[in-house]
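Consider the two complexes below, in which subunit A is the common component and subunit B and subunit C are the respective partners.
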Partner chain A sequence: MSTENLTPDVAHEIAVGEASTKKVRRRDERSPAMSFLLHFGLFIALVWSLVPPIWAFLTSLKPNDQAITTELKIISDPSLNNYVHVLTETDLPRWFLNSIIVAFFTMLIGIFLSATAGYAVSRFRFPGHKQLMWSFLITQMFPMAILIVPIYNIFARLGLLNSLGGLVLAYCTTAVPFCAWMLKGYFDTIPIEIDEAGRIDGLSPFGTFWRLVLPLARPGLAVTAFYTFLTAWGEVAYATAFLTSDSKKTLAVGLQTFVGQFKTEWGYLTAAGILVTIPAVIVFLLVQKNLVAGLTAGGTKG
Partner chain B sequence: MSAITADDPTAPAPAESKPPGRLRRSWDRHWYAWAFITPVVIVMTLIILWPLIQGIFLSFTDASEKNVAKVIGGREIPATYDIVGLKNYIDVLTGATFWTIFLRTIIWTVVNVFFHFTLGMILALVINRQLKGRALYRALLIVPWAVPAFVSTYMWRLLLTDNGLVNSALEGIGLSPIPWLSDTNWLFISCILVNIWLGVPFMMVALLGGLQSIPNELYEAAEVDGATPWQRFRHVTVPGLMSVASTVVLLGSIWTFNMFAIIYLMASQGQRNDIATLPVYAYDKAFTGIRQYAVSSTYGVLILSILLVFAIFYRRALAKQGEVW
Partner chain C sequence: MDALDLQVADGEFLVLVGPSGCGKSTSLRMLAGLEDIDGGRILIGTRDVTHLAPKERDIAMVFQNYALYPHMTVGENMGFALKLAKVPKDEIERRVQEAAKILDLGEYLARKPKALSGGQRQRVAMGRAIVREPQVFLMDEPLSNLDAKLRVQTRTQIAQLQHRLGTTTLYVTHDQTEAMTMGDRVAVMKDGLLQQCDTPRALYDHPTNIFVAGFIGSPAMNLLEVPLSNEGVMVGGTLVPVERSIIDEAHKQGLRSVTLGFRPEDTAIETDETGIPVVVDVVEILGVDAYVYGNVTTPAGPVEVVVRGSGRFPPKVGDTIRAGISQEHMHVFNPSTGSRIGD
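Right, the complex of A and B next:
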C-alpha cells in the first residue's frame, strides 16, 4: 500500500460514496467526549509512567526501617536522612566518581575514534565500505554474551580486571561501532555540496572534514556522545563481572550491595537511585528530540 | 578510473607504457578514505575481532575456571584446557535446557516488542493530535526511558514486593495479592512489565517523529476528497509510517533480545535459572558458581547466530529505504 492510492480519481469515488450519506469528521474536530477520552487515556499513561519514580522518591524520604510496612503510608516522618547516609557513610560518592570517569572516557574514545570512520562511510565509496558497514551493524547488536568471556580471560592475563581503564576498553566494544553508526547517520544529513565546495576551494579531504563538516555535525556529535555516556552509565553485565573491590565499583554494581539476600535497604537504595536518576533525566529531556532522529537514521529519510 | 590518477606526477613511471597496476590506482583513489577508517579498524580488530575469535575458539574447548591461564601471586599459570571439537554444541543443542531458554527468549522478545509497539503507537497517535498540554505529556511520558535500567528495576521491585504499593492497591479493591517476585512465573511477567515500561517511550517518540514527517498536504488532500478518519489512517498514515515502524521494531527486537539488566537484577540468584533468557543464562554460566567458560562461549556463538538473522532483516529494511552499501 502506498500513498499513490489516493490519486484524485480514487479519492473522488470514496468521496462520492461517503459524503452523500454522512458528514465526514475533519482531523481537527472532535466531540467533547472524545477529548475527555484522550485526556483520560493520557492520564492513565502518565500514572503508569510516573508512579515508579514518584514512589521511589517518597520512599527515599521515609526512615530506612519503615520503607516497607504492612500498613501502607504515603509519607511518614519525611527527612533527608537516607540521602545523608548514602552520601556520607557509604561508598556512593566514590561509585559516582567511578561511573563518571568510566562513562566519560568511553564517550570520549568512542566519539574521537569513530567520527572519521563515520564520515568516511557516509561520503566515500571505497573497497571495504560494505564490509565495514556490516561490521558496524553486527557489532552493535553483538550480545555481551559472546565477548564477555574472552575479554574477561584476556584481561585476566593482562591484569586489567577490576580496573576502570579495563572497563572503558570493554565498553568501547559497543561504543565505537555504535558511535560510528550514529555519526554516519548525521553526516548523511549534511549536504554533500558543502564538501564539494570545500574541495573546490582547495581543502584536503581532512580539511573538509575538520573545518566544514565536523562543526556542522556538532548537534549530532553531542547527542551521540550523550547517548554513549548514558549507555555506559547504566551498564550492568561487564561492570558486575569485572569490578570486585568496593573502591572500583560503578553505580550499577555498587547499588547491588544495598540488596541483601534477606533484607533490602530500601531507604538507602531509593535515595541512591534518585540521586543517580535526576541528572540523567534532566539531560535526557534536553536532547531526546535529536536522539531519536539519530537512532532511526535511514528510517526517516525514505 | 580517475583523471587524477593518470596525471599523478608522483606515480612511478612504469618501464612499459602500461597504466599503473590496479592496486596502485585503487590506493591513489581511496587512500584518504582508508586513512579515515584506519583508527576504527585497528581498534575494532583488537577489542572486538580478536576476542570474538578467542570466544569462538573457546566454544570448541573444555575451558573452565580450573584450566584457563591465570596469574596467581604474580606467577603466570598457563592454560591447560583441551580442544573437544563440536562436543559443546552437541551437548547444548541436544539438551532440553537450551531449547527451553530459547523458547523463553522468543516469548520475551515477541511479547515485549508487541506491547512496546502497540502502546507506543497509540500514544504517538494521541499526542500527535491537537491537544492541550501536549508538550508536557510528551516530556513526562519519556521519563521511563531516561531512568537507567538498573534503577528502574529497583523501583519496580519496590512497587511489586509483597507488602508493596501494587499489592496494597490490589487488596484495597478487594483482590488477593500476587506473588510478583517470589513465584518465578509471576517474576517473569514482572520482568516483562518492567521492560514494557522501559521501552514504550522510545517507540512513542520514534513513531511520533515518523507521524510528523508525513506531509500535511496528503491529509488535506484526503480530507478535501472526503476520506473518513479510518481511510486517512489506512491510506496515508500507515504507508507513511512503514519505514520508521520497521526500523524501530527491528531495533527494539535486538535490544529486547539482548536485555540483561532487568532479568539479572529482578531475580535472586536461585530464581535466575527459571527466568533467564539466553544472554542472562550465558552470563551466569561464565560468572556464577563454577565458571564454565566453554559452555558460555557456546551459548554466545549460538546467540550471535540468532542475532545475525536480525541483522540481515535490518539490512534489508534499510535497503528498502534507499540506503545503499
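Right, the complex of A and C next:
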C-alpha cells in the first residue's frame, strides 16, 4: 500500500513518527561530543582557578615544617597556629589597618573625584573638554612603574613620603582618570531630559547630580568602588617605594617580610594571604548587589 | 531662532507648530530656561524671567520622552517639585492625590515608572506638571511617543484638562492636526521665524503665505504657479476667474504670474467644461468622499493636484476630469515672496 491511498491525517502521523525515531537535533541542543568538550573545558578552568587558593588555605592550616612535603596526605593535624602567630606576634594587624585606611580613602576620594569629573565631561561643554578627555586616556597608557621615580621626587619635596595620605594620592592618580572615563560612559546612558526635568522641578546643578544622576548610576559607581578599592588594596610597587617605616607598611609590603633571604615562612605567608582576601570579598559582596541592569528603565519613552 | 515676538494671553492654549528644525522646541526651552537667549526679554505675567533659573520661573514642563525619575514611585515623581519647594507633607499628599484622581492614576501611585504603560507614563508626566499648579505649562511634543489611537484620545484629554485648569499652555508639535484641534491659537514657525500666529480657523481660511498654506490642512493645499490675465488666471487652458481687487493688487506688484492655492475639499468635479482639466493618476476612496490625485498642465510643466470627488462614483484612472474651484475659498500668493495677495 502506498501512502498516496492514505487519508491526509494518517499520512501526517506516519511522517511525525518517522521524524521522532530519527531524533532530529534542534538548534539549541548540543551534540554529545560538543557537550563533553564544553564541560571538560569548564572543568579545567575551574581547577585552574580554585586549586591555588585551596592549596594556600590548606597550607595555612599546616605546621610550618610540613608546608613543603612529599607526603600524599592532604592535611595532617590542622591547626590555626599560623593565624594566631601572624595576628599576635607580627605587625600584621597594624599593616591590615594601614591597608584598610589607604584602600578606603582611595575608594572614597576616587569615587567622588571620578563621579564629579565624569558627570562634568558627560553633561557640560567647556573649553578644554576634549583635551581633558584625551588626558584621561593618555595617562592610562603609562605603566605605573615608570611613574615611581617622578612621584617619589614630587612627594619628597612635598613631604608626602612615608605617609598613608601620600599613598592615597598616588593611587588616585592612576584610578581616577580611568574611572572618570568609565563613569562618563555610564552617565551618557542617563537621558539628559531627566536632568532638565530636575532643574525645572527646582534642583540645583549639584542637586541634580546628587539626587537624580547618582542614584541612577549605582551600577557604575559600584564598579568604580570595587576597582578603586582593589587598586589600592593589592598594590605593591608604590607602597614599597614610598613607605619606609615599619608602622606605615601596608599588607602587600608587610607580607614580603615573611619571605626571607634563605627561608620562606609558607605557613605565615599563606595564613596572612587568606586574611588579606577577606576585606576584598566583603567589599565585593557589599557592592555586587548594586550591579543591577535597567535602573533607568521606565524613565523615558513608552 | 530669530526675533520671535509672541504674546500669549492668560489661560490661553497656544500651539507652536512647524517642521522639524524650525526652532519650536528651542523656543519652548528658552522659555523654560533650559536654553540661553542672546537678546530680548521673556516675560511671564509682568515678571521679567529672562535671566532667572528654570525653578524660579513658575513653569512646569512635559517632555517628549516624559523624563520621569525611574528610581522614584509615581507619587514621588509627582510630588518631587513640591518636596523641593518645602511644601508641607500633607499638602503634597493632597495635591498628588487630586492630580492622580484627575488623571486616573490613583492605583498606580506606589508603582515605579517602569511598571507602567506608555500612556500611563505620559499621564504621570502630565501629573508632575499639574501638581505644581504653575503659571504656565510647557509641553514639548508630549504625544509623539504614543500610538495613533492613544494619541487621539490623549489629545482630547489634554485639551479638556487645560480648559478645566485654565492654565496658560504652550504646546509644541510638528503635527498640524494636533495643532489645529488643540490650540486656541496656533503659531506656525519655519527656519526659526514665526510665519503666522492666529486661530486655527484663520490659519485655514487666510494663510498669510505659501508655507502656511501648504503646511496647514490635510491633504495639503494645491499650489500652482499660473499666468495672470485681466479677468483671472489661466489654469490648463481654462480661465479661472479671480476677484477684481486681487488682480489689481497683483498687477500693482508687477506680477505676470501668481501662485494659486485651493484646498482639495474646496473643489468639486464638474460635468460641464468650466472647471480646470485634471488627468487622473490615482484615486483614494475614503468612503463617501474620494481624493483624486491627478496632473494639471502649467507653463512650468505638469503639477500634481488633489481634487475631492464622490466616493460612490469615482473617476477612472486616465480620465480627464473638470475640477471646479469655489472662488471664495481661493488663495492667491506672490510666487517670489510667497506672501498672500488680497485678504
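Definition applied: the second predicted complex is superposed on the first by the 235 of 302 C-alpha atoms of A that agree within 3 Å, B and C clash if a C-alpha of one lies under 4 Å from a C-alpha of the other, contacts with A are read in each partner's own complex, and residues count from 1 in each chain.
Methods note: a residue touches a chain if its C-beta (ideal position, glycine included) is under 8 Å from a C-beta of that chain, and two chains touch if they have at least 3 such contacts.
Just so we're clear, the structure is a prediction, and the values are computed from it rather than from any experiment.
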First (subunit B), second (subunit C), both or neither touched by A:E193: second
Partner chain in contact with A:I154 - subunit B first, subunit C second, else both or neither: first
Partner chain in contact with A:L203 - subunit B first, subunit C second, else both or neither: second
Contacts of A:E89 with subunit B and subunit C, given as first, second, both or neither: neither
Partner chain in contact with A:T116 - subunit B first, subunit C second, else both or neither: first
Partner chain(s) touched by A:P177 [first = subunit B, second = subunit C, both, neither]: first
Subunit C versus subunit B, contacts on subunit A by residue: B
Where subunit A meets both subunit C and subunit B, residue numbers: 295-296, 298-302
Parts of subunit C lying in touch with subunit A, wherever the complex brings them together: 32-34, 53-55, 59-61, 63-71, 80-81, 84-85, 112-119, 121-122, 128, 145-146
In the complex with subunit C, residue positions of subunit A that touch it: 191, 193-194, 196-203, 207, 212, 215-216, 294-302
Subunit A contact footprint on subunit B (complex, rising order): 26, 29-30, 32-37, 39-41, 43-44, 47-48, 50-52, 54-55, 58, 63, 68-71, 76, 122-123, 126-127, 129-132, 137, 139-152, 154-159, 161, 163-165, 168, 197, 201-202, 205-206, 209-210, 213, 218-219, 221-223, 225-229, 231-232, 234-236, 238-240, 243-244, 246-248, 251, 254, 257-258, 260-261, 264-265, 268, 278-279, 282-283, 286-287, 293, 296-297, 299-301, 303-304, 307-308, 310-311, 314-315, 317-318, 320-323, 325
Complex contacts: residues of subunit A adjacent to subunit B: 1-3, 5-6, 8, 11-12, 14-15, 18-19, 24-28, 30, 38-39, 41-42, 45-46, 48-53, 55-56, 59, 67-70, 72, 113-114, 116-117, 119-121, 124, 126-130, 132-135, 137-139, 141-154, 156-157, 159, 169-170, 172-173, 176-177, 180, 204-206, 209, 230, 233-234, 236-237, 240-241, 251-252, 255-256, 259, 261, 264, 266, 269-270, 273, 276-277, 280-281, 284-285, 288-289, 292-293, 295-296, 298-302
